[in-house]
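After this come two complexes, each holding chain A, first together with chain B and then together with chain C.
And then the complex of A and B:
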């Protein structure tokens, strides 16, 4: 960013950005947190380039696709962002991470969070929530996954049968529903 | 308005516009001119109730309803956002219903223009419009037309109806009764006596009669909610719970890529949209090792890279090992995890006395995947060693090294004493040592059984390909600096004569789980 010097406050960590959600809630968040959302960052930078003097730091960034409940959870996730999303070194660590991911609630919540993280282009969050949702379907039967997401397997019976035969190895030894 | 008598004669009806043309108004509903189906879309907002809804009606050339959808979002949207979301939903629904050509029609000129690229959409809906275009791109052909509100009443009613819906309601192959009347009105002006009474089954909770008492409706909704909550608790999450359909295919692919290859293969059987996501290259690129292209380039079959999909490359590499490095190694993928596996062929090993024809001979066997295997004729000093750079192995992975071999029926010298196996890196770290016995039979030590405190001696196992394998030791590849993994098997202390061993090589595979 070329015009950080415009900022009267040299400590950027205390700068706040206001986000407005779809239900018109206002969130004042630290710049460092808001900049994790690439969509916000982009908007913020464009805005800055356009009219720094006119609006300054009082810019409100609208997020018409994000509900306040979801944004609140994303921000709280941001604040305690795990140090790294790197592959766990060992089994124990992996289990701890899995537990942590489990805290993010029901699949419905996760879909909302993924949807919002996708819109906000929030990469770490997207990865985390995708993994959390993936945990739910790992090694589960096709029927379980359908029920889980409330979708119908609208394949022709013979088509599905053929596929299951071709990939029989993938259907062996899955968890009990 | 358009009368039923005009239906056969579309030239007279108001004109439709393709993706490149300009928009013209149509006041009443007319059958699709482009392709067999028309998809009418409308969005509704209800700020008081803090939610938004979408209605989608798919009709064929006869005006028959093929499918309809009423969907609700638990958050309020602006008018344009709701309309755009409705379009995205409409395109996804059209896809899921399985139609390949569609003419999308709605009442918002802004969205109609935006999806056709005639005007740039408001920034708040850019990604929603992109979502629409993504879904629509899966159709073979699609067009857009604009219709006046009064012509779009059925879709509008379904969008309004969303307020009584939990999640969404879809009708397939039948007509929602609440729009039957509107269908007649929007299409027919003169002839009114047409009876399209059809049985209407609801697939999910909804209130049929829009005229019933509001309080009654509220109560019914509460009851429904309670019933649904109970049901949900009982059978995990329901459609309105996860609502995966709210996510674009790219997102689903992303989720699938966080599972395993095995999960992804099963996901293909879940539904067409899952299949599309789970077969995408984005998913399988993640399962393939990052250096798979370089490895294939070292092989005698580089044309594998030309396979049409990454999934096929993956399956090819896991089902059929490829020879690399001048046939000195064989490479394949562990099918369940996608981790790298190697066989260091006998020619890649250092075998003491291996180049002396009296002691070891080199033969080719039809049942071997490598051109030359080593046959032990007779030695006292048995020592073979394989080396591989740790950078070739999968990172953060525990691997086990096996000797892959056969014993001739005339073999001797392998029952006792046990051989010493060791696995470890040259650059320090733990060296794994164990005693192994290549003989399938239990060793008999001068008629005595093994004392309990004696170290465990591992035994060979028979492989599916007819060869035997014995575990030599394991190794965890931390990554970091490049090191050399050394795998050694020897028996030089007692020095009995040994003969009849056929060595295919040393195989390195990740451990399960």
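And then the complex of A and C:
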């Protein structure tokens, strides 16, 4: 089954590259988009050196660590890239940017997106989603963060109590979980 | 040893966790130290603290004005005002400073990398203070005049305070605080006839002062490099008439030279490329009329995010201090409205920094928590 990514400009004559996800979906994406993923770029260039690509444009690049749902989001983010990296100029813009960072799904999805961006060596994406995750946990409680990252608190109860007393100010104004 | 991310939710490698945490404000990080021993070690590590500071500068995280009220009502003579990403200011918060004493006020000497160097004349105590994480460290006590300068040496990862001690007919001696002891600087003050004519400012790893021969206006800046402990002379963009006052500031990390002309206007230059005298660039003039009918000095504090065409300034007018936005293109001024600001104050610009995380806690005896 082929999953052609929505191209807003169908007349574009740029070369396409096919990516195959862990769940065997095929994505045909513009070369410019695919080249943002350094892992893909490297693979593509190695293939070129091996003279495989020269035989036809049918090269399929396998991405065994990326699920189709995640790749679709990354590609859609890629297409918006120039606007997303502009710095906000005023309050409204900053709010828009924050909203934009939130629209890529649940916090759990963010972890998937970060893992995929990391695997694909997609730097802008990684920065963007890291910031989105930081925005998400910024006002969260210690308990929430432990649960979210699957970390077991390993301080003795009296150590933790002492810590909370010492830094009481840092524990104020935390969001409800 | 760091917690290995093995559970369902957390399959993010440590480098990613580090990258995410480095984007957090200091308050979150102080709280998250107690997530686990692993996180505690990570957040307290020198590498992380440096990475976080670097990120703070890049994204202006936690930018905060720390202000000291003049003729203060004790005990709260200090307050902070946060400056948000969207160029808006937060509420005015009273903060308790570590050298608090009931009968004299404490002065801000200088600041760098989120640390503020403060001095209490009565106790002759100097402390380095990170107001955003409420930590401080006192410097060893010395019954000599107050230190003149304070900065960060990235080579040795140390904070150094420098004071200039003058001996009659013997030129000047300099001492440096390094790991809790004062030591004499070997390098010679560039010119024995020059005396210091400004507060010190820290920029690009060096401390700077305007200097001049008595009776003349400064046309030179002496820089002292904390890493090499050497002096260097930088010329100012112009020699101001002797009737004018001159000041040295740092704006967004760059040296800033200001000439105050007869209570009429301030002319302001920036050194765009550090150490390159040809890179002095005139950036704006702020005139009488734009600000009050008489004014002396508008100290630039911070640029607006992004284009930097607006500058936050501290304006002193008729024994009152105001924070203003000055648009350097349109030449318009707008007062920053923050409730309950004291009448007269001096400010320092802080950034989110975890430096001194291992310092002593600033304990507020009134138990009044502001955050």
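By definition in this document, the second predicted complex is superposed on the first by the 125 of 177 C-alpha atoms of A that agree within 3 Å, B and C clash if a C-alpha of one lies under 4 Å from a C-alpha of the other, contacts with A are read in each partner's own complex, and residues count from 1 in each chain.
Please note the rule applied: a contact is a pair of C-beta atoms (placed from the backbone, for glycine too) under 8 Å apart; a residue touches a chain by one contact, two chains touch by 3 or more.
Everything quoted here is computed from the prediction, not taken from an experiment.
Engineer: Does the superposition put A:67 against chain B (first), chain C (second), both, or neither?
Structural biologist: In the superposed model, A:67 contacts chain B only, not chain C.
Engineer: I'd like to know which partner A:151 touches here: chain B for first, chain C for second, both or neither.
Structural biologist: both
Engineer: Where does A:59 make contact in the superposed view: on chain B (first), on chain C (second), on both, or on neither?
Structural biologist: Neither partner.
Engineer: Could you tell me if A:18 is touching chain B, chain C, both of them or neither one (first, second, both, neither)?
Structural biologist: Touch partners of A:18: none, neither chain B nor chain C.
Engineer: Name the residues of chain A shared by its contacts with chain B and its contacts with chain C.
Structural biologist: The overlap between the chain B and chain C interfaces on chain A comprises residues 87-89, 108, 111, 114-115, 118, 126, 130-131, 133-134, 137-139, 142, 145-155, 160, 163-164, 167, 169-171, 174.
Engineer: Would you mind writing out the residues of chain A in touch with chain B in their complex?
Structural biologist: Touch residues, chain A against chain B: 22-23, 43, 62, 64-65, 67, 87-89, 106-108, 110-111, 114-115, 118-119, 126-127, 130-131, 133-134, 137-139, 141-142, 144-155, 160, 163-164, 167, 169-171, 174.
Engineer: Help me check something: in the complex, which residues belonging to chain B touch chain A?
Structural biologist: 50, 74-78, 81, 96, 98, 123-125, 127-128, 167, 235-248, 251, 254-263, 265-274, 335, 395-396
Engineer: With touch defined as at the start, can you tell me which chain C residues reach chain A in the complex?
Structural biologist: That would be residues 3, 5-13, 16-17, 19-21, 23-25, 27-28, 30-39, 85-88, 134, 305-307, 361, 369-371 of chain C.
Engineer: For chain A, which residues count as touching chain C in their complex?
Structural biologist: Residues in contact with chain C: 87-91, 93-95, 108, 111, 114-115, 118, 126, 130-131, 133-134, 137-139, 142, 145-155, 160, 163-164, 166-174.
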